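When the chains are written out, they are named A, B, C and D in that same order, and each has its own residue count from 1.
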C-alpha cells in the first residue's frame, strides 16, 4: 500500500514530518522566569571578526558571555533549561535594512528540545553541553559547563550593587534584541550546501531586577579526544584575548521568544 | 570591521558554521560494539500507511521496534549512546531505482550530538529521550525510555535460543540496510518549507552473535502536558494495533554508518 | 610507617573519616526556596500500622505524600535538590515525652549528598530516585519520579484557591515538625544490628504563600527486576488503599533544618 | 493504633527498616564485566600516613588510583555503575591477625545505591561524583569525574603492551584483596561517635586480559564553594606529591564482592 501521509501546502512541519503539520501562526512563547549572568569583555577585533560571516559588520570588538537559567518555559509545560551563549554586536549588511543586533557565536544548552528548534527554525548555533544551575555563596555567583564530565567553562560574578529603578527602566526601553544566525544544511554525499542563509530571530527580554558587579570567565581547553565535535570552537573562544572586562550584570526577569517573527534575511 | 568568515565553495559546514568547514570526503564511521534488541509486530496496514509519505510503498504491514546500545562509537572517541527506533519496510517510489529499505517513523536517542547530525545530515527523525541501558535477570532482558521521568515505552525480550552460525551468516549476507528519511526545514515567519525531500542513508550492520525469543512492547501514553512535543507521536505509535508479534532477536555486533553515501532522493 | 590519623574526642566525623573532624556545633541550615506539593489521603489503619515500628502510635490512618523542590540550599552553596516523602502522623511511645510528629515511610531524593547525611546523621529513610522538577499547564501542576527510566509515581495537583493570609499565618504558628526516623546499621558477617534506635529530627517550615486544590497520586508498581532494591517498598505503598483524598496544598516558603537538634530517642 | 512493625532477632535490615528484614546469609555478588584502569604513584610517606588511621601500618608510600566501569552488576539486574577509588597498601595492626590489604582513602561512585550499601554495610568511604565512561582514541584511554559540572580529576592511560598469559595467571593467583574501611556514625546532637570501628571487606577480582602502559592523573582542585563537601578531600589528594608513576595497567575481567565475609575488626 502506498504511504498515505501528504504534506499540506503552507503547513509547518518538524521532523518527524509524518507526525506533524499545522497551519502557520506567529508563535510567541514566554520564558516566564529568567535568571541571567552577563559578562562582557573587550577583545582583539581581528580575532573576533574571523568568527563572523562577511555579511555582518562587527560593531565593537566586544564579546558577551551570557548564562541563563530559564524556568516557566511555556512551551515545555513551564519546565526549565539552561544555556551559555557567546555573542558579538553586529549590523547585518546583506541588505539595506541596517539591522543591528548580536551574532551568537555559540549557544550551549542542556536540553535537546530547544536545541533542535533553535537550529532548524531560527539558525541559532545551538549545541549541547551540561550547563550547571547557578549557585552562590554570599555575593559570589558561579556556574560551569562541560561535556562528558570535562568542564570547559566556568563563569564567576561578584555582585556589588543592585541596579536602581532608573537603570532597569532604561534597560527595558529596548526590550527587543535582534539575534542573527546562519542557518545551514549541507548537501548530502558531496560538498556544498543544501541551504545557507542569514536569519533574524528577535527576542524580547523584560528585566525586573538586576545587579552589577565584577566577573570572570575561566576557559579550560579540551582536547579533540575529549570533545571531538567542539574542541576547536572552545579553543577559538578560549583564545580570544581579554583586553578588559567591560561590564557584568545579573538579571532577573522574563523573555518572550517571537519565533513567528523569525525570518530569512535576503 | 567586516566579518572575515567566508564560506569555501564545496566545503562542508555544520552550525555554528564559522567554526567549521572542511573538504567533503565520504565519512564512514564505526559503531564498534552494538547490543540490539529487535521486536517485530504485524499491524493494521492503513493505520501504518498514514505515517508514511506517499513517495513510499509500504511493503508489509509490519513494525520493527529496535533498541540499540552503541559503544565504541568512533566519532565520539569511542564513547556511547543508545536509541530506540520504530520503523516500517518500504520501497521508494519517487524515482525508478526501486530502492527498498526501512522508513524510521521515529528514533529516540539519549544524546544530542548524534541527533543533530542525523536530522541535519541524513533526514533521520531523531528526537531526544532518556533511553536506559539494557538490563536482564536470567534470560529476561528489558529496557525503557522516558521524558522528564515519564516512561513512555518498555521493551521486554525473553531469550530462547542462540542463533546458529548458518543463520548469523545468512543475516550478514545483506549487511546494508537502506534507511530512508525525510529531511525538512520550515520556512521562517510563514508556512511552507525551506527544504523538503526524501533521503537515503545506508547503514551496514555486522552480526557476531544473536538469539531469538519472545518479546513485548509496553507503551504508556503521555499527556500533552507531560510531553508537549511528542505526546502525539507516542500516542499514534502506541495505538498501532498489534495483530501478532512476528519475531524478536537480540544481536551483538557492530555497525558501519556510511554517512558519505547519504544522498538526496530525487 | 604507622597511620597518623587520630580521632579527636568529641569531634564529629563523616566517612571518609580521615578527611573530616570538627568540634560539634548545632548545625542549622536553610533551604531558602521551597516549592512543595502535599497530598493527604485516608487509608486502612492496619495496613499503614504494619509499616510503623511498635514504638510509635499511629495517630490517624492518614498518609501524606509530599513533593519538595528545594533551591537555595545553604549547605550546597545554594544549589538544589528534590524529594518525594511519604509519611504518617505518629506519637513516640518509647519514652514519656509524648512527642508527636510524622514518621516518614520513605524519602526519595535525586541527589546522593543529602541522602547520605539524612540516613547517617538523622536516621531518615532516604533513598535515591530521579525526581522531576514540578511543571504545570495552567492550574494543573505535576511531577513524577522513577528509577532507571521506570516511572513509579506521578503526582497531580489542580490548584483551586489561594490560601488567605489568616490560613497562612495559622500554618506558621506551628512551624516545627518533629520528624521521627529509625537509624539502623546491620552487624557485619552475621545477622542483627550494630545500631538500631529511633531518632528525632525537628524541621522548621515557614510558609509564604499557598494554594489548596484537588490532587491525585498515581503509582506504577515496578517488578523486582526493574528495581531490585525498592520494588517491595513501592508495592507496599502503591497498595495502601485510598479511602478518600482528604487534602491537598501547594506551598511556597522556606525550611530550616535543625540538624543540631537531632537526637537519639531513648 | 500502635505500629505493628517489629524487628526480628538476628534478621538483617536496611533503612527504611520497616520495608526490609531477612535472615542473614553470606551475600556474594558478581560484577560480571569490569573494565578497570589502575595507576600507581610513589608519594611522600608522611603526607600519605596522615590520611590513614593509626590502627593501620602504611606498607609502602604508594597510592593507587583505580577507575572501574562495572557492567553486569548482578544485584542491579545486571545494570552498571562506575567508580574512581584512591587507596594505599596497609596492614591492620588493631589485632594480631596481621591482615594486609588496601585502605581506600575515597571511592567516588556515580550511583547512590552502591554508595549506601558500601558505607553502611562495609564502612567503605564512598561518596558521589559524576564519573564518565572510559573513552579512547587509539591506545590513549581516558576518563574524568566531577561534581555539578566541575571536573576535579582526569585519568589518562596510554596502552603499550598486552599482558602475557603468565602475567595474567600470576595476577589471578591472589584474587582476593582485603579492603579495609572505617565505619563511623556520629552521635546525634552532640560530638562523638555512635559507632566507630575498622572493617574488613574482601573483594575478589578475576583478570581475563590486560595491558600495561603509561599513565597520568590530573587533578583540578575545587573551591569550597564549588564543592562544599569534598573540596578538602580533593585538595589533600591533589597535593600528595607524585615522586614517580610506578605502574599502570588496564584490566578486563570480573569481580566477586563477598559482602557476607565483611566483618568488624576488633
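Convention: a contact is a pair of C-beta atoms (placed from the backbone, for glycine too) under 8 Å apart; a residue touches a chain by one contact, two chains touch by 3 or more.
Fair warning: this is a prediction, and the values are worked out from it, not measured in the lab.
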{"item": "Any chain that touches subunit D and subunit A", "value": "B, C"}
{"item": "Of C-D and B-D, pair with higher C-beta contact tally", "value": "C-D"}
{"item": "Rotation angle superposing subunit B onto its copy subunit C by C-alpha atoms, nearest 5 degrees", "value": "180"}
{"item": "Rounded Å distance between subunit B and subunit D, as computed from the means of their C-alpha atoms", "value": "39"}
{"item": "Where subunit C and subunit D are represented by their mean Cα positions, the distance between them in whole Å", "value": "29"}
{"item": "Contacts with 2+ other chains: residues of subunit C", "value": "76-77, 79, 133, 135, 137, 148, 225-226"}
{"item": "Parts of subunit D lying in touch with subunit A, wherever the complex brings them together", "value": "130-133, 135, 137, 140, 142-146, 148-151, 154, 220, 225-226"}
{"item": "Subunit B to subunit A touching residues, read off their complex", "value": "1-7, 9-19, 23-24, 26, 45-46, 49-58, 61, 75-77, 79, 90, 93, 103-106, 111-113, 115-116, 119-128, 148, 181-196, 199, 225-226, 228-229, 232-233, 236, 260-264"}
{"item": "Subunit D-facing residues of subunit B, complex", "value": "76-80, 133, 135-137"}
